[in-house]
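Some structures are shown below for you to check.
Look at the two complexes coming up: chain A is in both, with chain B in one and chain C in the other.
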Partner chain A sequence: MVVVQRRELTFWERIYLPEIFRGLAITFKKMFEPRVTRQYPEEALPTNEVTRGQPRLVVKDDGNIACVSCGLCEAACPAYAITIDSQETERFIEREPERFEIDMLRCILCGFCEEACPKEAIFMSDELELANTTRQGLVYDMKQLERPASTLKPRIDYVRRINDRW
Partner chain B sequence: MSDLTKQTPADPSTIERVEITVNGQTVQARTDKPLIQACIQAGVEVPHYCYHPGLTPEGSCRICQVEVQQGKMPARVMVACRTPVMPGMVVNTETEGAHDARRECLEFLLKNHPLDCPICDKAGECTLQDYSFTEGQGEGRSVEPRRKLEKRKDLGDVILLDQERCILCTRCVRFMDEVPKTPQLCVAGRGSHSTIETWNDTPLSGNYQGNLADVCPVGALTLKSFRFKARVWNLTKTASSCGECSRGCATTVEVLRKGEVTRIRPRHDEDVNGWWMCDTGRFALDAFSLADRLVGTLLPSASRGWDATSVENGLQIASDMLTTGDKPLLIASPWLTQEEGGELLALGQTISARVAFVSTASNDLADDVLHTGDPGPNRRGLSDLGLEALTAEEILHTASEHSTVLCIGERVARLLGKGEAEGFNSLPPSARVLLFDCELPDAPTEGNSPIDIAIGLPSSVERVGHWVNIDGLRRNILQARPAPAGVWNTLRLLKYLHELLTNREVQS
Partner chain C sequence: MSFVIILIKASLIYGGLLGTAAAMTLAERKISAWMQLRIGPNRVGPGGVLQPLADGVKFIFKEEVTPDGANKGLFRLGPIMAAAPAMLTIAVIPFAGETTIFGIDFGLLSLTDLDIGLLFVLALSGLSVYGVILGGWASNSKYSLLGGLRASAQMVSYELSLIMTALTVVALSGSMNLREIVEVQNTGNFLDWHCFTPVVGQVGLILFVITTFAETNRHPFDFAECEPELVGGFHTEYSSMKFALFFLGEYCAMTVMACLTTVLFLGGYSVPFWEDAPWIVQVGTFMTKTAFFLFLFIWVRWTLPRFRYDQLMNLGWKIFFPIALANLLLAGAVISLS
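The block that comes next holds the complex of A and B.
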């Protein structure tokens, strides 16, 4: 058992009012100092290429999805958030996803999918916001995940740069 | 070298064995098999693409090179699949010379092999991929571009050929020559222009084409029906037996995400099927479809529809039906396992019923390779147990003599109806018909369905048991996926029903 020895209050502290005025003085002083809190969501968080937001699929400049549904991200995903079904295409690359779903409630934004992808098809975007009224609404399908390559450009360049270091 | 082509010697006692050393380990190696088998027997993994234990060794891929020292000769690197076993051989697979030889060979194999593993269906079970991972170098040294060939060459209804991926091991050519003995494939062209072709681009024929996708060590020959269906590491694999004929080939049932059966592949069983299976069994995936399954108990309602109830209730009603009236007729499907057949027989004795099974008519698929032409997988076992064999016609004929007919087992309605609903629906309306099956037969176009109660059963990929094949070999079937909710295991259901009937007999 530990007996906590409390400090005896001094006379000025015991008469209470001076301490109230001392506190109010601090509050008043802070009103004229620069603010340190952020007005989220009116003021968005700054993001850069290192931000590891939600994964998004790359749509190449020719309008086709870059993903060939090899399933490596699905296998790498530690949270089992990704589900892929494939289908055949008429293009030179014979395979594309028929269904590509990421359960955003399961996704832990670890970036393993981006690391596993052999086709530069999935990247961690700077999108961080996630809200819906149902759980099913947060299982994103291919339409919700697709982003043109130009939007993901900074991240793609960044990943290529750090991969070149190996 | 012709000794090496023999698959199984006529008499196992005539197998000659000699003592050799593999990586410092003494092995009693068979002289009728090539050196690579002795290495495998010693637990030493030697990579191989053109060698297949079920086919004549050819030695075209050269990847199985090992270092062999014999007598006073200096150690030499040679291919293990074309080297006969000799007494006193000292084999070493891990010397620098052997590794170098294999690495150089691998570099040549990968020279023209496309880097499309992310697209390739074989990825994950490809031995070229595995060995490149362990032994290969990160980057190719070749400056010439890879050869361009046809990526989607159609070889008939079953197989698609990707000529770029082919490493010309000729396993497929030898398979077609040696197993179904219908030579259809050949290597056409010379040097780097060599490709696998059929004569004049004729599509492949025969009931054994599916095996080509299994023997292909890379993703060159793939099944059209499995193309891009699943990644192989997502498939749950269960050892089981095929139920499409009385051969009962050993199979691996592969299920995608605990749902549909996506692929069935042969499993090695020396006495039953070797390494192969026929396309009839391989592509019989519809039989295990989860759509239109009979689940729980269905009772006919007044409005020509069905009322659902629990299996317990259903069995209570079934036991009422079986104990009223004269001698009931119990009809088993030849898909019933030995355990279930024995339980049905015991149940039949309790209520002194006539117990028979549907003796299926032979089909024209019989050949001298594997297919027996008899679609009932456990015919031999059920006859051995003492169930009476009756053809569908005989059953429909004798059913009128019985007031209650219980049809039990996978596909029993289909067998009685010979594939059509009308056959099953022509069971006499005077008899009470109890149907325990995986699916409900189509309702008759006119009048009411003869069924008085229908209870859902698990299919053969959803239960455990034994079948006895045409040669009297007992082989097991295993559960590859859970049965749909509300479906009882057949054996549990039979035991529960037997208990109900025994209690009823004791009371009366």
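The block that comes next holds the complex of A and C.
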């Protein structure tokens, strides 16, 4: 049991009016202090490599997609957002995705796909904005997901650094 | 001719009143935002100044819902009863003394010059509570009913102190005519304003201001609409323009009460050190004084927490009423001694 020790109010506090004036003075002062509001669309939040935005597929410097269509991210995804169909390829890796879709409406930006991927092929980008007039429009296909590795560089370095700790 | 002059005066005064009410909705949102370190509405028009217009359009296009089981007639009457008295009372407020514009004599810059102006204001603003009670009763909703009930109890306990304090001013100036009350104070020496009458004036001013907060249903005494307890209080079931009308009424009542405080205690349109200032200066002075009280309404709202219901009753009956009575007696003593 907690006994709340209430302080006896002094007479000055009990007449209440002086305290009201003190409060008024505080709110008046506040009117001239700097605002904390961020005007969102014009002033976006700063992002950096730690930002966990929407997942994107890495396109290597030779122009090929890094994904080997192993399906680990699909399995790891807690929201069942990823759908992968595989196909054969002439490249050394032999398999690549034919279809790689992420339903951005389902994706919860958890980053599990990034962790699961054995080929460093999927990374969380700093892209956060998502808007469309249809649901289907927010199911991103491979073309919409591909990003050159250079644009994802800071995140890739960051993830490597984190993984090195284990 | 006199009819045309009255028409011009009426349109000016009512335009001004409604304009002030609209501006107040914006000011309320802006100032509350500043006090909370926010920016406030800033998307409609430069700096958000057209927000009241956007609000009005929104209100008009909202669906109007009348709850099942509501008393249709009374339900419609509620908002009208709430808004109309506040708008009527502005008629007796004098905004400036003798006015001549372009050589035309406009007389006193108020709609009418009633001998019982103060009584008229108090009686009509007392009426506005019927709107709240009717609205609350007719809505057929428990929250609305509680809101209406609270409003009625609150009015009874506050109006008494309000009237007592107003009476103090009547005693000091020897008239119920608002113009004469101002004239008594308009001597060119601002120490003649009633708020500078030793003790009586200051106590009266503070009491009057506090009771007007209760009278207009404003924070910290807005038990009738107390969101955390009663959803929206008396206007829970109101939507669209009916709801807007309640708000208009509230803001008009605030404006009128601010005007009244100015007239009673701050010398109305009297300009310090300038007894017969031209009308435009007088109107300017009047508006500045009124603007301060309007700002005070907002300022207090965003500073104080809401009182508890029983605290209000205590305050009304056990503290303000005796103080108001004592103040009236004191005023009598001061007058008979001088």
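Operating definition for what follows: the second predicted complex is superposed on the first by the 134 of 166 C-alpha atoms of A that agree within 3 Å, B and C clash if a C-alpha of one lies under 4 Å from a C-alpha of the other, contacts with A are read in each partner's own complex, and residues count from 1 in each chain.
Basically, contacts are C-beta pairs under 8 Å (C-beta built on N, C-alpha and C of every residue); 3 or more make two chains touch, one makes a residue touch a chain.
Quick caveat: nothing in here was measured; it's all calculated off a predicted structure.
J.: Figure out whether A:R95 sits in contact with chain B (first) or chain C (second), or with both, or with neither.
T.: A:R95: touches chain B, not chain C.
J.: Touch test for A:Q87: chain B only (first), chain C only (second), both, or neither?
T.: Once the two structures are laid over each other on A, A:Q87 reaches chain B alone.
J.: Report for A:P154: first if it touches chain B alone, second if chain C alone, otherwise both or neither.
T.: neither
J.: I'd like to know which partner A:P118 touches here: chain B for first, chain C for second, both or neither.
T.: First partner only, chain B.
J.: Is A:L72 in contact with chain B, with chain C, with both, or with neither (first, second, both, neither)?
T.: first
J.: For A:G53, is the partner it touches chain B (first), chain C (second), both, or none of the two (neither)?
T.: neither
J.: Taking the complex as given, what residues does chain A use to touch chain C?
T.: By the definition above, chain A touches chain C via 17, 20, 23-24, 26-28, 30-31, 33-37, 39.
J.: Residues of chain B touching chain A in their complex?
T.: Within the complex, chain B touches chain A at residues 117-119, 123, 151-152, 227-229, 231, 233-234.
J.: Hey, which residues of chain C end up touching chain A in the complex?
T.: 31, 34-39, 206, 299-300, 302-304
J.: Under the definition above, what is the set of chain A residues touching chain B in their complex?
T.: Within the complex, chain A contacts chain B at residues 68-72, 74-75, 86-88, 93-95, 118-119.
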